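In what comes next, chain A is part of two complexes: it sits with chain B in the first one and with chain C in the second one.
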Partner chain A sequence: MSVTTGERMVRVSPLRRLLVRPEMGAVAGSIVVWIFFAIVAGSSGFLSLRGTSSYLSVSAELAIQAVPVALLMIGGEFDLSVGSMVGATGMIIAILSAQYGWNIWAAMVAALIFAVLVGMLNGYLVIRTGLPSFIVTLGTAYILLGATTGITSIVTNGLTVVNAIDQAPGYSAAHAIFATALGGGQQFPIEILWALALVAVATWLLLGTSFGNWIFGVGGDAQAARNTGVPVTRVKILLFIGTAVSSCLLAIILDVSFTNADVLRGQGNEFYAIVAAVVGGVLLTGGYGSAIGALFGALAFGIVEEGIVFAGVNAEWYKAVIGLILLLAVLLNSYVRKLALEARR
Partner chain B sequence: MSTTNTQTAPLIDVQHVSKYFGTVIALKDISMSVNAGEVMCLLGDNGAGKSTLIKILSGVHRPSEGRYLFEGKEVHFSTPRDALSVGIATVFQDLAMIPLMGISRNFFLGSEPTKGWGPFRRFDVRSADRVTREELARIGIQVREMSQPVGTLSGGERQSVAIARAVYFGAKVLILDEPTAALGVKEAGIVLRYIAQARARGLGVIFITHNPHHAYPIGDYFTLLNRGRSMGTFAKAEISREELTSMMAGGEELEELGHELDEFARTDKIAGAQLAEAAKEFKAEAEVLHEDGQQPVSERERDT
Partner chain C sequence: MHRLYKFIVPIVLSLLILSACAGGTGSTSSGGTSRNLKFYVVTHGPSSDPFWSVIKKGVDQGAKDMGVQAIYEAPPTFDMVAMSHLIDSAVAAHPDGLVVSIPDPSALGPSIKAAVTAGIPVISINAGADVAKSLGILVHIGQTEYQAGFAGGQKMGAAGVKHALCVNQQVGVATLEQRCKGFSDAMKQVGATVKEIGVNGGNPTQTQQTLEAALQHDPTIDGMLMLGPLGSLPAIKALQDLNKAGQIKLATFDLSSDVLQAIKAGQMLFAIDQQPYLQGYLPIVLLTLYKTNLNTIANDVLQTGPSFVTADNVAKVIQLTAQGTR
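What follows is the complex of A and B.
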């Protein structure tokens, strides 16, 4: 049989092949901001164990939400309710355990069930109505925030913070699993391991399973995926459950670490998670990206947020830097995607 | 080309099919069939009813009148999945391919091979890559990496991959919706060659096109549609390329086009002269077609 050889067999330079990977921008970005703050704030503690621990823990907390959000975005949808979900599930755990004396593990299971149900509802509403998930989940975000504040106020006679979670039965075991510190000088919170485990699972799902292939498919072209037999509705609903459950995990970690819950906890995370995912190479239009990219997006975010503090300027500057990085990342991503489609021409 | 005309029923057989959308007659009294190992070309200009007929064949629409038989038994498909499950695969123009996904991932999307069990069941990337590589090599496409995005393939190769996928997953009938439209000459050649290969493997192929130059070399039968009606089905032996071309680009259409351009020529001050010239050419071509059914000299490839 005759064969068309030639143009498509051209060797591609290893550098270029590396460059077209979705997570490259975030890896490079993390290195650049780390070097920057190592120079600017290295002498004031950024490079110390405490400094490293501080940005790793911020990054881990963000990554726990950003990685499932990245999967959802690869699947072509947004979830703006992940911030309010932290407040809502955190408060469920706090009220049930600290106010009503439940075993904290039972309270966690209740919160988890609640998260699964809200995730299913988000996915179901998006699929059924055909409305953009951006709007639908914005709606659920406000419903969650408002209802959490209202119900907490009724149950606690006007409070927005519930304390004394550490008095609940089962707390010490929960602390060992969700809030203990590890490493040299007990500096590193265990949430870093949770984030890494989540990234490993997400990467395996995305690249190693049929389900991962479906995620890329439904995000790239839902109709085409449906035509080839991908259960589009099931995939999207599972991804929404994933973002809700990961928000519940973060709420558990923060509740147990701080021994309290705040109705406003997590507000803004919905956008930080999207920033981390996009900086990590996830396309806003879906169908492209990686979990490792989102991890490095979160890492860059954490380095900037904590690095600014060590640099000794007003901490709010970090938002300006994050905004700048986001814009650069989006530009870089659209260029990388172009490169990916041309890479072997 | 060998047509395996056995005594068995045709794979697809539509009889006196009509389709109305409200008061609009999209198709009227169409009959056609395709056997295993045959290429049936469905020709017609824009608006001739080709897409409506494809949509009926592929299960998107139901016919308003007439019968649709698959392997001799009447069928009523309500979705393309129904048609696919009996072995009628339609490669639509948009191909159901995802440009940023890798070739083998696209190839197996929705039907991924797996290994392992229970929660550890995983997408067998290696075997997906191997099968895709083999299937592509079979149609003469050599790709360096199966993970490279489908978007890096040319239009003709993408068509071929889509067809290869349909064949691999057990299609008995392939319906190809304008697979050579928007392709260059060389690219169209790749697709035509693959249609021939699919036929040689015993598939029935329905090849929809408005280009008689692509249809004639590959087709065994030709059904011509015009304004929702069939102008007849011809075996290759019964019709010459010239006759096919002249029936497609009917003399009257060309004449009509000439008149229309004349009309524009009178009102258009800037391009009037050129338009008049073009109108004259069309009329001359129509004249030639009328006289002896010859292919006009100035006929160019429409798709290049």
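What follows is the complex of A and C.
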């Protein structure tokens, strides 16, 4: 290196620059699993429109939660309450609209307000207590699940599934916005567009605004960020509100398309969202990652989840395959990150 | 540039391992097919669950006997969203027939209708007897839950129980609620009362403690109906702990080795058996006959239960469970 060239001026090949993006592992992973299932199960419908629709809608539902969870994880925190939040907000909408005859839009606003409040509470508790968010949000997750089950049981006289949301006033407009199938029949539900829109907003936030810089800052080193004037508390609380609100969005989509709500709905999503984010290149320790990565993490997940159905593999193998892919993705990511550090030198 | 190869190595490796996975399992399920028919079975019960493993065994044996290929899919936990996606994918794989369980008709109905619209013959099993016909399903094979609960209530009422507990190990499943409703309606007819309590079926210790607390809270209770076999062993332990074994009549839905031993030992009055093996075996046979001979069943519901396992027939059933078919 000559004396006159600063280290930022070093020429890096475009290929390497592409390879060191955080989402690279997930993009490569998605392509690999897609090619794999196209070969193994292409003739049994995986490549058909209906097949494509089936894994895209699985991926979209996961991405709607995984992308805000990725933002939160980049900001250095976890949210294990996103699964229970789907059941809770879904049930709020169902009870208010189907049980008490509210307009479904009013019920959605109520659920949204609830989600914002719980998100604030999560963030506030984490900041004030200084406890790991892993534990705090696990607590709120159980409280949400238990309280939802209990209250639903009281209100509906022993039920845990509330049906007939499609009888509520305003349902047809809600169906058009949250549950339309863009293709023929049931194919290509509009949730795919919702997921893409969410990724676009999240990416703009991360890369195009100072709030995005703050997220990376608080995740990398909260104290250092605070010292440079970043409003750490506000950033983290907003991120927790983001995960809660996105879970509410998923609950709305599922409520409207299935016309019912189930207290158990969403259970387990909290870990799938983390897996998608990690496969997408988000560091568990915070400070690094991308929203597009989480989208591709979710895509790889959806392709595998539905791909093994087309491949005719019995479902008992599903978790083993997911675990394998998670491990491979993490290995790939850590390798790519090493490359990234070398590229900067 | 050699680093690029290093980058590709894990990808190639993952491909190899994945293909090993798919190849290994794919060959076992497609082995020995003489008829070129492929059926998908999508249920809400993972085959790791003892009850559903019997259904899976029925599916596998049916496929073997009929010379067809049957693929069993289920979400790893009770998850209607995941299950509806599994059905969508199974339909997209254009099989010759589809077997589904329908624990939540609102959530799964549209996906099942899509299968019927696509011209795929569909048979429902286990859950969904009341909606099968309206969805365009050929026949439902299973036990109507309310009637089964009702029959259980009559049997328990006849045994002289006055105040019973209905123990739900998986709060949130509509079919379990129907069982409990049928049970309490039958008990009401003989002037007995029923209280429902929820327990955590996945945790035996917790279940036992919950039951002990409930029994101590209300000492008039003289009967307990478990809505599934998971709670049976904890229930027996709870009764022994409280020195109430024998005073409180115990019965359960569905079989397990614990349940059968308890019936044999006289600790349990009866088990309501819906014969899951039939629910796995019969749909494969009927779909094969439909595809090859256009045979149909005239009934809307082919009842596989309730049948009862009591002290009279328990010895024989125990022999059969050893081979995994009861």
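The definition used in the following text is that the second predicted complex is superposed on the first by the 330 of 345 C-alpha atoms of A that agree within 3 Å, B and C clash if a C-alpha of one lies under 4 Å from a C-alpha of the other, contacts with A are read in each partner's own complex, and residues count from 1 in each chain.
Note that in this section a residue touches a chain if its C-beta (ideal position, glycine included) is under 8 Å from a C-beta of that chain, and two chains touch if they have at least 3 such contacts.
Please read all numbers here as calculations on a predicted model, not as lab measurements.
Asker: For A:103 in the superposed arrangement: first (chain B), second (chain C), both or neither?
Answerer: Neither chain B nor chain C is touched by A:103.
Asker: Using the superposition described at the top, determine whether chain B or chain C touches more residues of chain A.
Answerer: C
Asker: In the overlay, answer first, second, both or neither for which of chain B and chain C A:55 touches.
Answerer: The second partner, chain C, only.
Asker: Under the stated touch criterion, which partner chain does A:180 make contact with: chain B (first), chain C (second), both, or neither?
Answerer: It touches nothing on chain B or chain C.
Asker: Name the contact category of A:312: first (chain B only), second (chain C only), both, or neither.
Answerer: Only chain C; A:312 stays clear of chain B.
Asker: Just to be sure I read the superposition right, which of the two partners does A:221 touch: chain B = first, chain C = second, or both, or neither?
Answerer: In the superposition, A:221 touches chain B alone.
Asker: Just chain B (first), just chain C (second), both, or neither: which does A:258 touch?
Answerer: It touches chain C, and chain B stays clear.
Asker: If you stack the two complexes on chain A, which partner ends up touching A:156: first (chain B), second (chain C), both, or neither?
Answerer: So A:156 meets neither chain B nor chain C here.
Asker: Show me the chain A residues, by the header's touch rule, that chain B contacts in one structure and chain C contacts in the other.
Answerer: Comparing the two interfaces on chain A, one with chain B and one with chain C, no residues are shared.
Asker: Which residues of chain B touch chain A in their complex?
Answerer: The touching residues are 80-81, 94-101, 105, 108-112, 114, 121-123, 125, 137-138, 140-145, 148-149, 151-152, 190.
Asker: Over in the complex, which chain A residues touch chain C? Could you list them?
Answerer: Going through chain A, the ones touching chain C are 15, 19, 28-29, 32-33, 36, 40-41, 44-46, 48, 50-51, 53-55, 57-58, 61, 149, 153, 158-161, 163, 185-186, 254, 257-260, 262-268, 305-306, 308-321, 324-325, 328, 331-332, 335-336, 339.
Asker: Could you pull out which chain C residues touch chain A in their complex?
Answerer: 3-4, 6-7, 10-11, 13-15, 17-19, 21-22, 25-26, 29-30, 38, 40, 46-48, 69, 71-82, 84-86, 88-94, 104, 106-107, 110-111, 114, 117, 171-174, 177, 196
Asker: Quick one: in the complex, what on chain A touches chain B?
Answerer: Counting only chain A, the residues touching chain B are 1-5, 8-9, 12, 204, 207-210, 212-214, 216-217, 220-221, 223-225, 227-230, 283, 287-288, 337, 340-345.
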